[in-house]
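Paired with chain B in one complex and with chain C in the other, chain A is shared by the two complexes that follow.
And then the complex of A and B:
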C-alpha cells in the first residue's frame, strides 16, 4: 500500500533496570496512512511516551527497543544509522512534546531555538532563517516579537503553540503529538486542538496523537487505538470507537466519561489501577479489572481479531 | 532586566555589609588583644624597631588616646583612602603598596591558573558526560582521584625537584630572572612566562580534575532533561547540543564554586607561592606571619575578604548573564 506512511509491527520496548527488564510496550502493531490522524489513548503509565520515543529512536537509557520493526516510508527506522535518522528527523518526522516548558532550552530564546532548527535542516541564510522563524510563530498565532522571549516568559499555552510551530517548521510528513494539551486548561486546550485540526486540514500532514482523553479524539482523529499496559487492545475507525468500542477496557473508559449535558447516563469509574509492569498479570492483562473475566482470561493470552474493516480487538469476548 | 539589575544591586549591598563587618572585625581584634599590641610588639622587637616604626605601628592600630568611636571613624577614613598603615617587614613601604605588588603577581599566576583549570575541567567534564562510559569518562575519574590523593605541596615540590632542579627545564624560583630588568620588554615578558609556567601547571593539574568531576555529574543530570532529547529529535548536531544545551545549562550550578575559587586565589595560592618562592600575596602572608608584621597581615586579610566578596559578586553577574531566568 503506497499510501501507508508508518508501519509498526510487534514493537517491544523495555527499560533494562537493575532488577530486570520492564516491558513497557509489547507487541504493538499498527499502520498510519499519509495525511491520517491516528489517536492513541491510554492511562498514565500505559506506555504512550515510551512507544513514541521507541518508534522515533529517541529513547534514553535504560530504555531500549527489544523487538519488532518500524518502517517509515519504506525506511527501516530501527536499522537506520544515526546519520540516516538525523536526515529524517524534523524534515520528515517531528514531535510536539508533552510539556513544552521542559522541552525548550531555558537559556536560549524562542527565536534562537527555531532558527537553529531551520539551520540544522539546510537554511543557510541567517536573515532568511529569522524571517522564517517569524512566520512559524505567526502560523500558530504568536506575535513575532516573542522571538526574543525566553521559554519561561511565555504562558503554558503559548509555549505549547511554539512547540507546535517548531514541529511544523520543516514541513514534516508525520507530526507526533505526545499529550500536547495535558498541561493546559480546557479553554486553551480547545483553542490549540482547533489550530491543530485547521493546520492539518490545510497542510495534510499525518498525525499520531497521544492522549489519555478518549473524548478529545472523537472529533480530531480518523482512527483511534487504545493502549493498555503497554499493549494495543483495540484499534478502529474513530466513529466506531465513538459509539463505544468493543474491548471491555475501551467501554470502561467510555463509561467513566462524565455525561454531556442532556445525556441520560451515570458515569461509572473504572475500578482498580493499571498493572505494575514489573509483574504484569498472567493471561489477559486487563482481567483483574474486567467485569466479564472468567477463568480462561487468567491463563490464556488474547489474540487479535478483526471485527470490521480496520477494526481490531484483542480480548476474550466472543463476537456477538 | 530591571529585576536583574535590582537583584545585583541588592547582592552588592549584601557584600558591602559583609565587607564592613570584616573591616570592623579588623578594627576590634587588635583592641581585644591583652595589653597594647604595639607595646607588646615593641618588647619583642626591642632594639630593632626604630621610634618611627613604633609610631607607624601605633598609627596602624589607631591606638591613640581618643575615644573609641573617634578612633573607629579615623580608621574607616584611612581605609577609605587606601591607607592601611606602614608595613614593618618592608618598612617604610605603605602596606597597600606591598600588597598591590604581590596582588599583581598572584592574579597573573593563580588567577590565570584557576580560570584555565575551570575552563579545561568543565569542558572535559561535559565531554565525559556526553560519552558516558567512553574513554574520557573511564580514565578521567581515576586519574583525578590519584592526583587529588596526594597533597598539593608534595606535587609542587616533586615538580620543582624533578622538572626544575634535576632536569633544569624550568627556573627554580622567583617571578622573573634576577638579571632581567622589569619593563615591557620581550625579554622580561618571556622570563615572567617561563617562571610562571611550572607553578601554574601544578595548580592546573591539581584542580582541573575537581572541576571535571563536578561538571560531569551535573551534565549527566542535564542530559536526562527533556530539552536534550527534544533537541536530538529536532536533528540538531551533537556539537550544538553538547555546547548550547548540555554545557550551557550544566555550568550554571558550577558558577558559584568558580566564584569562590577565584576569590580564594589571593590566599589559596599560598602553598604554590611558598614552594616556588613566588612573590605573590600568599608568599607575603607567610612573610608577614613570620616577621609578625601585623599591619601587613591585617591588610592581607582585608584584601582576601574583599577579593572573595568581589569574585562572588562577579559570579552573580555571570549567573545573571548566562541564566535568563534570573533576569
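And then the complex of A and C:
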C-alpha cells in the first residue's frame, strides 16, 4: 500500500548476555500509515522501549536486532548505513524522549540547541535558522524570549514542549514519542497531549506513541497495539480497544486500572507479574496469569487472527 | 472526642539563602484530621507540598508552625527536639520507590526482623514466624516462602508489599503512604491500594495516602484533600470531591484527570502556570491561573469555608 509509511515484520531484538541471548522483542509486526497515530502500550518488561530503540537503530550493545524487517517509506532501515540513517533522522524520523531534561543539553540555551539541530539537518543560513527556531517555539506555545533560556530555567512541561518542537522542527513524517508525559502532572500532561493532537491534525505527521497508560491512548490514538513480554498480543482500532479489546491480557490490563472518572466498575487486579525473559513460559506467554488458559495455551504458540478490519489478536485457533 | 491524628495550621518552610534571604514555603496553614479506620488521600501535583506534609507528620522534616496532635497530645510541644521512639513506632511511613527502600544486601527477613526486635515485639525464633505472618497479611503468601528472598528477586509490587509489612511490624496506629503505587505497573496498583484499604478495615489503621492520582484516591479514600502550593484548597468525601468540586483548582484537577470518553478538544478551566512557593506573599496561590479571580484574590488569603457536609474549600468566591 502506498500510504504505509512504516512496515515492521517479525522484528526480533535480543540482549546478548553471557548466559546466551535474551529475546526482549519477538515476532512483532505492524504497519503505520502516513498521518496515523499508533499507540503501543505495555508494562515494564514488555519490550516497548527495546522495540523503539531497535526500529530506530539506536540500540546499545549488548542489544542487537536478531531478526525481521523494518521498512520506512521503502527504505530498509535494518540494512541502512549510518550515513543513510543520519539523513533520515530528524528530517524524516524524529523522537520525543521521556525525560526532556536529559535530552536537552544543560549548558546550551534552548535557542542554540534548536539552531544546532536545524544547522545539522540542512539549514545553511544562520539568520534563517534563528528565525525558524523562534517559529519552532511558537509552534509549541512557548514565548520566543525563551530562546535565551537554559533548560533548567524551564518547567518540566515547557522542556517537554521544547523537545516536541525540536522533533517537529525539520518536518519529520514520523515522530516517535517515548512516554513523553510520564514525568508530567495531569494538568500539564493534558496540555501537552492537546498540543500533540492539534499539531498532528494540522501537519499530518505519523506518530508512534509508546506508553504504559492505556487510558491516555483512548483519546489520542487511531490504533492501539498491546505488548506483553516482548510480543504484540493485540492491535486494533482505538475505539475497539477502548471498549475492552479481545486478548485476555488487554482485557485484564484495562480491568485492573482504577476506574477513571465517570466510570463505574470494580477494578480486578491481574495476578502475578510479567515473565522473566530469560526463561519465558511456553506457549502463550500470558498463560500463567490467564483465567481462560487451557491445555493448548500452555504448549502451543499463538497465531495472529484477524477479528475485524485492522484488528489482529494473538490467539489459538479454537478460541472464540 | 478528638481524632487519632490532628494536624492544625501546619507550616513547613525551607530557607534558600541568598541576599535578601528567600524562603520556600512548602506547606502553609494546613489543617486536617484522620481517625482510626479512616483512609484520607492528600492529592496534589508536584510542588503541592503533599509529601512535605507527610514527612512533617513523620517528623523527618521539621515543622515551622502549627500543631501535630496524636491522641490529643501536641507532639511538637511535648517532644520539641525530635520524635520519641514511641511516636516513631505509632506513625510509620511507606515510601514511593520500593527499589530504593529495601537494602539490596539483606534478605527480606532482615528488613522485618530488625523493627520487630528493636521495638521489642519479638525475639529469637519468634521473629521469623511473626515476619512470615506480616508477609501473609500483605499478600505475599505463604509468607515463610518469601523470608529468604533477596530484594532483587522481587518485582516492584512485591517489594512494596515488603515495605508495607516492615511498616506494620511495629504495630503502628498511623500509616503514611507516600505515592506507594506511582512506580508500580498499572496492573498491580489496584492490589496495593486494596491492601491499604484492608489494613484500614481489619486493623483499624489511620491511613494517609499521598498521591497525584485522583482515580486512585477515588478508589480507596474516605476523604480527599486537594493541595496547591502548600495550601489545602478543598476537602470533601471522595465521591463529592470527584463529582462536585467547588474550588477552581480542584475543578481543574478533575477536568484534567483521565476519564472515559475523554476528548482532547476541550480546554482546561485555568490559565497555564505553576505554583509559586518561593516567597509567595499573601493571597490565593492559584489566583494568577484562576478564571474567576477577583482583585482581592491576589492580595488577601482566602478563608476556608464550609460548603456542604464534611466539605470545605478555601476560596473567596465561596464566601458570598
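Here is the rule we go by: the second predicted complex is superposed on the first by the 312 of 320 C-alpha atoms of A that agree within 3 Å, B and C clash if a C-alpha of one lies under 4 Å from a C-alpha of the other, contacts with A are read in each partner's own complex, and residues count from 1 in each chain.
FYI, a residue touches a chain if its C-beta (ideal position, glycine included) is under 8 Å from a C-beta of that chain, and two chains touch if they have at least 3 such contacts.
Computed from a predicted model, the values in this text were never measured in an experiment.
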Which superposed partner A:304 touches (first chain B, second chain C, both, neither): neither
Contacts of A:203 with chain B and chain C, given as first, second, both or neither: neither
Which superposed partner A:97 touches (first chain B, second chain C, both, neither): first
Partner chain in contact with A:86 - chain B first, chain C second, else both or neither: first
More chain A residues in contact - chain B or chain C: C
First, second, both or neither for A:152, with chain B first and chain C second: first
Contacts of A:44 with chain B and chain C, given as first, second, both or neither: second
First, second, both or neither for A:60, with chain B first and chain C second: first
On chain A, positions contacted by chain B and by chain C: none
Residues of chain A that touch chain B when the two form their complex: 53, 56, 58, 60, 86-87, 89-91, 94-95, 97, 99, 102-109, 116-117, 120-121, 150, 152, 166
Of all residues in chain C, those that touch chain A in their complex: 45-46, 155-158, 185-191, 193-194, 212-216, 218-219, 242, 252-264, 267-268, 270, 272, 274
Residue ranges of chain B touching chain A (in the complex, touch as defined): 223-227, 229-237, 240, 244-245, 248-249, 252, 322-325
Residues on chain A engaged by chain C in the complex (per definition of touch): 43-44, 155-157, 185-191, 193-194, 197, 212-216, 218-220, 252-253, 256-263, 267-270, 273-274
